[in-house]
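There are two complexes below, and they share chain A, which is joined by chain B in the first and by chain C in the second.
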Partner chain A sequence: MQDTVREDDILLEVRNISLSFGGVTALENISFDIRRGEVRAIIGPNGAGKSSMLNVINGFYHPQEGEIWFDGKLRHHMKPHQVARLGIARTFQNIALFKGMSTLDNLMTGRLINMHANLFSQVAWIGPAQREEIEHRQKVEEIIDFLKIQSIRKTPVGKLPYGMQKRVELGRALAAESKLLLLDEPMAGMNLEEKEDMCRFVLDVNEQFGTTIALIEHDMGVVMDISNRVVVLDYGKKLADSSPDEVRNNPEVIDAYLGVSHD
Partner chain B sequence: MFYRESGDFKTSYVQDQQIFPILQDRVFVAVVIAFAFLVVPFLINDYWEKSVLLPVLIWSLAAIGLNILTGYCGQVSLGTGGFMAVGAYASYKFTTAFPELNLFIVVLLSGGVTAMVGILFGLPSLRIKGFYLAVATLASQFFLVWLFNKVPWFYNYSASGQINAPERLIAGITITGPNAPPWATYLFCLIFVVVLALIAKNLTRGRFGRSWMAIRDMDIAAEIIGVAPLKAKLSAFSISSFYIGIAGALFFLVYLGAVEPTEAFGIDKSFLVLFMIIIGGLGSILGSFIGAAFMFLMPVLIKNIMVNGLGWSPDIVAHLIFMIVGGLIMFFLIVEPHGLAQLWRIAKEKLRLWPFPH
Partner chain C sequence: MTPDILNTIEVILNGLMTGVMYSLVALGFVLIFKASGIFNYAQGVMALFAALTLVGFQTGQIPFSHLINEIFGTHVHNWGPGLNSVLAILLTILVMILFAWLVEKLLLQYLVNQEPIILFMATIGLAFFMEGLGDLMWGADIKTLDVGIPSGGSFWWEDVTRTWVSEGYEYYGMYIDLLDVWAAGIAVLLVTILTLFSQYTKTGRALRAVADDHQAALTVGISLRSIWVIVWSIAGFVALVAGIMWGSKSGVQFSLSLIALKALPVLILGGFTSIPGAIIGGLIIGVGEKLFEFWIGPLVGGATENWFAYVLALFFLMFRPQGLFGERIIERV
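And then the complex of A and B:
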C-alpha cells in the first residue's frame, strides 16, 4: 500500500473540501483520494461529516471550497443525476427503495441511465424499446443471481424484510454498473449473519466486477476486515488516513471514538 | 380453465414482459375489445350512447391521464378540468379554422396543444411538492376557465360566449353535431380510448413509467440513480395533459356538442376525475376504468333502480344518490384504501394458489 501511486490509479480525489450550512461547518478542508479497485472506508463518530462527504461526492451538496476530481477530470458544478451518469452509484443509510415497485423494477430503474429508447418506440413497445428492455433484463437477472434474490423478483419491495431491502438496494446500485460505488452504512441494523452475507457481497463486487467501493460503516470489525484504506473524520476534520492497522492504533482516532473532550 | 397464473410458465424474457403476462388476461382483454368494436355498435341506441358509453369512455380517458401524473408520477393535480377545457377549445379552434381537417387529426392536435399547456403549468412542480403543488395546479384550473370566458377569440366572438361543435364527417359518416349516429360517435371515442389505454400501459411499464414511479416513491434516490427530475416530471405533465386534452376534445365534440367553460369544465370536474383515480386505484390503468365507471355509473344505476324500479319521485332520489354514492365511496376506501384495482390484484394473488393455499 505504501508504494508510489501513479496518477491514473486515482479514481476520485477530493481536494480541500469545505462545506458549511450557515454558521455550522460540516466539513473543513478535507482531502483524500480513492484508488481504482480498492475498498475505501470512511469512518468517524456520529456527526463527523461522513454522510455529508458522500452527499458532496454525489452532488447533493455543493461545497463552498475545494475541488473534486473524478476519473482524471475536474468536476464542475453538477446535479446528482448528472453525477450518476459519470459512473457513481450509491446506497443510503436509511433504505431509499422505490416501495411501490417490484424488486425487478427497482433494479431495472437502476439501469435507466443506460436506456435510451425514444418515446415513439416506447409507445408501441416494438423495436429499440423492446430490444433494450430484454437486453437490460438480462443484465439485471445476472445481478439477481449474484445477490441470490431470485425468489423475490416480483415482490413489491415494501413487503420485504429489512435485510432483503438492503440487499435489493445494493442490487439497484450495482445495476448501474458504475465505476464507483458509495455505500452509506450498508450493514446498519443487520444481525451477524446478514452482515456476513453483505460483507461477502461487497468483497465479491469489488473482486468480480472490479468496482471501486467507498463505504461508511460503524462496525469496526467489518471496516478493519474488508477495507484497504481508511479515512477518519471527526467534527468535519480529517483525523487520519491510512491502512486499517495504523488507524486502529492511532491515539487521536481512539480519543475521538471514546469521546475525549476537544479544547 | 380457471383464472390463474400458476402453470403459465415463461421461458423467455419477451414472454415474461408481455403487456398482459397472464394468458387469461390476454384472452379477456381481446374478447372485451372485440365485443366493444364488433358487437356493441350494432346494439347501441341513443340512451346507451349518451348516458352510459360515451361518458364512461371519455372519463376513463381523463382518469388515465390524471393517473399518469398523480398515480404514477406522484404529482397531485387539481387542474384536470382546466386542461380538458384547453383540449375542447383547441379542438374548436382547429376545426373552425380548418373545416377540412380530419377530425382524428383535430383531436390529436388538441391533445398536443394541451400537452404544451400542461408543461407550462407543470413547471412549478420542480420546486413544490404535495399539497402545495395541488394548490398551484388549482391556479391553472381557475386561470384557464377564466381565460376561455374572457377572451372572445377563443369562442370566435359568438354572442352567447358558448362554443358549438360544427357538423364534421369522416369518410362520409357524421361524427359530430346532432345528426351523428350513436354508433359513429361511440366508435370514434372507442378508438381513442383503446389505443391510448394500450399506449399508457406500454409507457408505464417501460423506461418512462419507471422514471415516473421512481420520482413518486423516492425522489432523492431517483436522482441518485440518474433520473433527471425535470425530465421525468415534465414528461409526466405533458403526456398526462395530452390524454386529458383529448378527453376534453371528445367531451366537447362528440358528447356535449355545446360548451360553456364554467359549467362544463369547472373545479368539480377536477375533483371528479381525482376521485375516480383514488377510488379506482392510483397507479393502475385498469383502476382508471373501474374508477370512472364507478363514479359515473353508480348514480345512473341507483337512479334507474329507484325511479324506474321503485317508482320514487326523482327529486328525492337525486338527494339520496348523493348520500348513497358518498357512503359507497367511504365504504370502499375503508375496505381497500388502495382502490378497487387493488381488490382485483389481491384476488389475483389468492387465485395463484387456489384451491391449495398451503
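And then the complex of A and C:
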C-alpha cells in the first residue's frame, strides 16, 4: 500500500460522522476512507458502533452530522434502496435473506438493480424481459459455481444450515456486482472450516472481481490475515486507523479489547 | 346413475363455480396481506368501485353529475353513447392504478411500521370513503353490467347430462350457468398468470422479496413504496375482475361490497398468505355451503348458506389457525 493516495483512489469517505439516538451517542466525529480495491476491516469491542457505521453507509441510519462521499460525489440524504442502486451491497450480522425463496431466486433478486425491463414486457413475457432473464440467470449461475452452492440451488434458504445461509447471503450481495461490498460479521458463529472457506471467498472476490470490501469482524486472526487496513472503533469514537500490524501492537487497542482502565 | 346422484353432482358443480367467485375476492386480500401485512378491508368495495366505474364508462355517464347539477343548476348526465367494453375495461384498469398510487401517496406512506390494527382501521376508513365516493361519482341505483360474457343455462350440458340417467327414471339434465363457467375459466387464467409472473419476472421476485423481508428487500435496491403501488394495482385489477363477474351475475349494486365478508372464511380456511390457499379455500366453502344446503338445509328450514361458511371457519380456527396452506405459526420461547 502506497503512502500517498490519489484523490480518485478513494471509493468511499466518511467525514466527521456523528450519530445519536435520543440522548445516546452511537458515533462521534468519525472519519475514515475506503480505497478502491482494498479490504478494509472495521473492528472494535461490542457496542463500539461498528454496525451503526455500516447502517450509516448503507442508508438505514441518517447521521446528524457529517458527510459521506461515494465515488467522488457528496451523497445526500438517501434511502437504503437508493444506496443499493448507487452500487453498495451488504450482508447482515443476523442474516437477512428471503427465507421462503430458493437460493437461485435470492441471487436473482440480488441482481434486481441490474435489470431494466419494464413491467409490461414482464407481464407479457416478451423480448427484453425474456432476454434479460436468461442473461442474468447466466450471471447468477456463475456466482453459484464460484461459491460452490450448486447443490442447494433450488432449496428454500430458510431450510439451509446457518453457515450455508451466510454463504447465500454473500452470493446475493455479489449478484448485484456492486462497487462496494459491506460485510457485517461474515464469519460470526461459524466453525473453523466454514471460516476458512469464507475467508477464501472474501479474498477471491476481492482479487478476481476487484470488488472493494469493508467488513466487520471479531476474529482478530481473520482480520489480520485478510485486511489491508483496519479502523478501530470504541464507544463510538475512532481509536486507531492503520495497517493490521500496527493496530495489533497499538496499546490503546489492546486496552480497549481487554478493558484496561487508564488511571 | 340415479337422479339423486346426478343432483348431487350438479350441486357440487355449482358449488365449485360459486367457490371460484369467492376465491377471486379472497385473492385480492392475499396479495396485499402478503406484501404489506395489511388486511385490506376495502377489497370488496374496490370490486364495487371498479364495477361502478366500468359501467360508468360503458354508458357514458358523467362522473359527479348529480353534484354538478346541484351546484350549477345544470342537467348534465351523459357525455355520449359510451365506450365499447374493451376500451372501458382498459380505462377502468387505469383508474384502479391511479387509485393504488393515491392510496400509497395519501395513506400508506404515513402509516409505515404502524401496528397492524391501525393499518386495518385505515382500510376500514378507506372502504367507507370509497363507498361514498362511488355513490357520489356514479349514483346509487342498481346498474346492469354486460361486457359480452355469455350467460344463461347451457343447453348442451343439459342434453349431455340427460343421457347419464339410468333407464326407468325421469331426468331433465343439469343446469349450469355459462357465466359461472366463464368466471371459473378467467379465474384460473388469472391465477396462472399471477403465479408465473411472481416466479419468473424481476418484479414478481421483488414482490415475493418484500413479502418475505422488508429490510433485506431494501438492501438489494427494492423501493417498498413502488412495490406497494404495484401490489395495490394488481389487487385493484383482481377487484375489477371480481366486480365484472359478480356485477354480471347480480347487477352492480352496493351490496357487492359485502362479498368481502364472504372472503373472510375463505381466507381463514386457506390461510392469509397463500394464493393456492385462497383458491382451494374458496372451492371448499363454495361446495361445502351448497352441499350443506342441499342435504341439511331442508331439515333446519333452509337459508344455511348465510352462516355455513362462518361456522366452518370457526371450526378451522380451533384446529388449524394458520389455515390449510398458511405459514405455520411457530412461537419460540
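Everything below uses one rule, namely that the second predicted complex is superposed on the first by the 259 of 263 C-alpha atoms of A that agree within 3 Å, B and C clash if a C-alpha of one lies under 4 Å from a C-alpha of the other, contacts with A are read in each partner's own complex, and residues count from 1 in each chain.
Here, a residue touches a chain if its C-beta (ideal position, glycine included) is under 8 Å from a C-beta of that chain, and two chains touch if they have at least 3 such contacts.
All figures in this text were calculated on a predicted structure; none of them were measured in a lab.
With chain A as the common reference for superposition, the partners chain B and chain C occupy clashing space.
Contacts of A:A176 after superposition: both chain B and chain C are touched.
When the two complexes are overlaid on their common chain A, residue A:K79 makes contact with chain B and with chain C alike.
Contacts of A:L119 after superposition: both chain B and chain C are touched.
By the touch criterion defined above, A:M108 reaches both chain B and chain C. Within the superposed three-chain model, A:G189 lies out of touch with both chain B and chain C [touch as defined at top]. Of the two partner chains, chain B is the only one touched by A:I134; chain C is not.
Put simply, chain A uses residues 58, 60, 79-81, 84-85, 89-90, 92, 96-101, 105, 108-110, 112-113, 115, 117, 119, 122-123, 125, 129, 132-133, 172, 176 to touch chain B in one complex and chain C in the other. Those residues of chain C that touch chain A in the complex are listed here as 193, 196-197, 200-206, 208-209, 211-213, 215-224, 230, 327. Contact residues on chain A toward chain B in their complex (touch as defined above): 58, 60, 79-81, 84-85, 89-90, 92, 96-101, 105, 108-110, 112-113, 115, 117, 119, 122-125, 129-130, 132-134, 137-138, 141, 172-173, 176. Listing the residues of chain A that touch chain C in their complex gives 58, 60, 79-82, 84-85, 89-90, 92, 96-101, 105, 108-110, 112-113, 115, 117, 119, 122-123, 125, 129, 132-133, 172, 176. Contact residues of chain B toward chain A in the complex are 13-14, 16-17, 19, 199, 202-203, 206-208, 210-211, 213-214, 216-218, 220-229, 283.
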